[in-house]
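Each chain gets a letter, A, B, C, D, E and F, in the order it is written, and its residues are counted from 1.
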């Protein structure tokens, strides 16, 4: 086993103890760490149902159910991968730009240390400052699951709301639109402007209609083709799922993915060059059964498994 | 843009203002109106879970999330289509026949003015007086989504409960059973009497088993074949959907449609000769997440889009 | 009857129709209007549980239960008092100062027309711009019900959060601290700074301990003594009530008032020189039974009754 | 022990078994029975929040928590009193008059056998047919706890809604208004007509204001004075309680009794000549915590204890 | 009609009466009975979300919606099959082994009388003592739907928790692993030990991945192949379904079956040699919409239909 | 400031970070610690509504709202008092005696180090092993708030259920019955046996009737008189409160204390010789609004304030 892994449920039942993610050690360090789970409880950039500031707490609580050995793989992930709950970024509720600065400050040391973060929002605005902190040699690719392209220009005069981060990211040369695939898009809009932007810039947009038609295997293939071997980020807006599976979210749209499709899709991304990930837009006040947070926790876990495999491969290669 | 359309979300956020349907003007007029949304908050004819009297309010509240540009089409619907929230029919709780009279009185001027209503129930009993108000030259066709055929004869001596409207409609020569298709039927019954009636009269009944087997595209083709070019009404009982997607309803039956299937099905009905529609049996007290009302609002919106296309075509033709 | 009153429940049952406050006409006018109900759905200045942006909608929905004849009085209020639902101020979610400007713009014509507004928040930050719009000859008095004094200086560097409005109002000479009484105060704080400010400026602070000791009649007498005959505003933060009575709020504190105490207290304020009022901090996502919104609607109604009496007296005097 | 009593919780834990009231035998008999619990799941006469048809089931479920030995007394009630769960009256949903007939048919054999029924509604309309079944030598007295006097004349043309039973009962000479006390009355109305009727006929109406002023002991004394030694019925509308204590009800009014006041009041009614009782207007769909049904079950139990004492006294006297 | 069947909903609406399963007679007898529904409200062996002790009550309540004629068949089941609600086993909360003894005592007379029980848990630990009571000539086969194989060895030193029953059953020679098929398995574990045990012993484990790939018809064929003609038990852990369909359960795992798949699967099991069945792990406190209990009730009904067919065939053969 | 205190809400908003109690450091140490908050998530000894195993997590989550400066005192408690979140005892679900041993092992080092624990249950059975760990020179006194005396002998043969701990504690000479006061007792029982035991042993039992009559000040005086100057433990069963204030509990009883009365009562206990405390029987699955956990967290905070004063006095004396 590597340095940091979860408490053993055979010694301490899963409902015991302070709720860190997956009952991993809650340590704000990057030393001996491969993956850091981090909360960014910010929802001021939300246009409709606020409340995702409570998502990291609720996701942590539901992550108690997670366990180290995923049947979809053949390894105990914590033998290869050391992971911690890094805590939350100290956001400034009510202030978007000041919060962006704090997020950059919080995330930069993680990236600098070569640790891969899996962030839990917060609304989707948080991905932009994460990209700013990432500071790679050039723009990254992205696999983006969402009901909305989030490439709109502004909302009531603000260019920093939760429907705009990926337009800003392209403008700031943080995101390579031609290595970006957007999956699960659907639902009406006030204008076609955001969709048009995605199309013009060369993002590959897979609307839900197409998803249903071509099926999940084809979608995986297409996603892999688009991002290729370059540095890639996974941004998973929980509203990619149908509200039957994830009702607790800021701007729900019916007609989305099932949980099983989401899992299958993530499992199809093995071996990519992942540099970070987030799961955003979980809004616990609108989630009476807690299922949305459970889905979010499990999807974060699936991403962790992808990363563990990468780390495992590196370890084996370096031997 | 035509006369009546929704408040612009770029000026006034979607949670603002009194909750009319889709934030359309709340005006009880038929002048310059193509489509009228109208609530019929009546649930006295409900045999089990009452509460659909609160559906119009809850659907309106959830319809805030709707927006004018549907990605499944290529037009901004309000450039072609003027729509209002016409308010609610003043029902008489506790009295079925007196309420029927009031519904007829309320609906007739709408039909007489050539306005197409999209009604929100209330329980399914409300469709019978809507048909009575419709008063066309002859019986109409119907695309009926439901878990139940609603062609039963009586319930505890009453011939006006929410399981009987379509038998009455056939008896009163308002509905053409041979131009009627019933989709999503399932669940046990006390006798086979209603199913038998549908079959005998020549209605095309697609049980859920068959639906699963032939798939949604085949169902669409069959529905189009049955109703043909004649005047057609869409009656959508929300319990056609599986309770995972729409738990808040009067007599839920497991094993139903997904939201995506329902949307796909409606989108397959482009170009039909639609004279009216309703979405019924949403019961908000049994809908803790509000998802059922969101589904209902979105399905009403999909029907609006079908109508907008029809209006758009007429406009283009008349040019 | 004066110009604007509610729909008659004997013609149209209370659950019918679009949900304006108390089913009053939804008209954005000040002509022939004595009292205007107005929503200010802004919650960006909330430090903990966001969601009061949904309060105006939920309060309106619950206000269906209200009726014109209050047994605590001897008049049908709408014979003396014309009231409308003025709609909502178009706030800018995520932006406090821009929203303040919009609130001032929205409120000023109401005050200028001599109409008395009863506002529904939103969080407590909204009261400051209402005061700015009020533009009287000098600072006003206030009867303030709340668990918190809301006279703190700043929160994470922001001087505009929902715990600060009354300090700003004193600084801007909008509020006369010596004609201010704060009732129901309780709960722990990080420092004593806000309490100290209230005390230093001469506000009369009635902590819950004292309330319980002296009783509601004494509290009424004290409140009347403090504000005297001058222009007075009532600001009612719903967290003045115990969370058993009003769980759906932003920063609940146990040990508060009962609903009956709140009603009794308001009824004790007859004959004061009231210039406006608000009920704030209802957070529907945390209110599973809807009771908080019902309490808020009823308290707004009690304030309306106070105003109707004032109008009635003026009418009788002018005869 | 007399013939019928509850299952012993020391043998079978309280959550075990089919949910009859208090886990009493579910037998539709009057032989060897002193008290019969009976459900009347009818809510068609409800003007606002329907759903009390589900109250008997929910009250039974919550009655599992009840136990035979009440500390407020000094006897094990089932040593003196044989009680059964008589089941439900088979109502006809949607039909008020037909249901009234069925209720009379169901209740008459109970009264004829000298068994005292404790009914659980349903809405308050059910008390009228119970009175019709009672058929005593003359009108009875009543202790009536409620937010509303239920002495209104009609609602939208109907004289049989849940706000009218006691006017009908006086008109039909079933209820003696001068031996009627109405406790907990409050909340606004459309007119004063019902209150006026109560007053004119000589009912003693204790508004909540007076209740708060004179206190529960005085209220008990007054209630005893009004009903005297004659045959008396207790009708307890759960909305007499504040919605903090009983949110799940058809027409909630804030500012009501606490549970403790309700219990104290009932315990003050020892030794009266009781001929029947009901607890009505519990609406489970609006009761997310189940507390309303628990309160209702416990109040029914307190009434049972009163009856057990009467039976005990008779037994002791007859020795 | 045979001796015991449900109350006729045409005489007594479905919400009426004490909540026995499907409103069957609540009689603890085996005479003239083909199928006995029985509750085993035990949840002490639950490792995470307790509360399934309340499942029998909640399933009974939701079973009101069931009706005798299943459209998937061509018979009225109660013409062939007499069924009762046998009540609950009197478990001992907090004590696993003592409860096992009581379950054996309760179940044995049912099996001895040749009555087929359909049990409702409780957690999955209850199946072991049911097997012990079954006492057939040799080990039985099983069709097991579940997210977990429940073949783990121990939990914190206990060999009797709800993840262990089928390992014990194999060890005690009650269950034939080679005639056992486990369907719907998924989700991470602490080790592979349980999965390994299932594999080593020859159980056919169909993980969710395989299920999605081969489809429900293939799964049915495989299940039939595995169990063959021998005595077979169906054990349905409700967490086999996705939490969108069944959120109220002890250890939810996303990515499971839909309700329709579960129904289709059960309907594919016609004609097997069934000796008993259970539906377990419904946890009502985590089921805000009640949908999980409705799903469970309907699945129990589908199993009843299978049994009715078997009985019907026997009857026809014996003619 | 002493060594350990909460995160400053002026730097990090209260919803940020992993949910330790009051955002205190989560450290399992006794060094430099005055007070240790510790969870004991055990509910296997619960006779009815299980689920208190989730209470520590839910109380921690709600404790975010707490702050260091209590207006009822005149000190910032963390200037005098160092407190930590010690984590949870690793209980063994399903096994009462094994869990008792683990609780003793966990608690003993805390007591041995002179640290005062404030435990959060779990059901009330956990207090017995805490007493066993306390190991003082003789039996301690107790102020016990509860609806039930918890001095019953056994439940279905078990002497270790949550209704028995204080009988066992007297038998084991851990608790001095003559220095025990039980406050808030009410509700029916199967027999009088537990009440009789309390009375016989000399415990002072204040039933709710007496509480209402004599008032909270008198109750405080009586409690102080009973426990005197000796070592005293506070055990607060949340069901002492009325279910309107604390619905989420294992065996709710209507007619209990208000939150304000509970706070007042605790504040009246200043200066006692406290050696430990617990708040038990919070059952989050039955607490839809979260209010019960908020009440519990706040009451724990009030107890902390009492302890801080004691520590403060000692510090001042030692100067």
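We adopt the following convention: a residue touches a chain if its C-beta (ideal position, glycine included) is under 8 Å from a C-beta of that chain, and two chains touch if they have at least 3 such contacts.
This one's a predicted model, so the numbers in the text were calculated from it and none came from an experiment.
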Exercise. Common contacts of chain D and chain E?
Worked result: B, F
For this session: Sort the other chains by how far their Cα centres are from that of chain D and give me the top one.
Result: A
Exercise. What's the call on chain B versus chain E, same or different interface residues, using the half cut on shared numbers?
Worked result: different
For this session: Return the chain whose centre of C-alpha atoms lies at maximal distance from the corresponding centre of chain F.
Result: B
Exercise. When the C-alpha atoms of chain C and chain D are each averaged to a single point, how far apart are the two points in Å?
Worked result: 38
Problem set entry | Approximate Å spacing (C-alpha centroids) for the pair chain C, chain E | 55
For this session: Let me have the rounded angstrom distance from the C-alpha centre of chain E over to the C-alpha centre of chain F, please.
Result: 41
For this session: Return the residues of chain A touching two or more other chains; collapse runs of consecutive numbers into ranges.
Result: 11, 13, 15, 47, 53, 92-93, 156, 242, 244, 286, 288-289
Exercise. Considering every pair of chains, which are in touch?
Worked result: A-B, A-C, A-E, A-F, B-C, B-D, B-E, C-D, C-F, D-E, D-F, E-F
Exercise. So in the complex, which bits of chain C are touching chain D?
Worked result: 8-11, 13-15, 64-72, 76, 242, 244-245, 258-260, 263-264, 288-291, 294-295, 298, 301
Exercise. Which chain D residues qualify as touching chain C in the complex?
Worked result: 47-48, 155-156, 185-192, 195, 207-209, 212, 242-244, 247-248, 251-256, 286-289
For this session: Note which residues of chain D are touching chain B in the complex, please.
Result: 43-47, 49-51, 53, 92-96, 98, 156-158, 160-161, 285-286, 288
Problem set entry | For the chain A and chain F complex, residues of the former touching the latter | 11-13, 15-20, 26, 39, 41, 53-54, 57, 60-61, 85, 87-93, 288
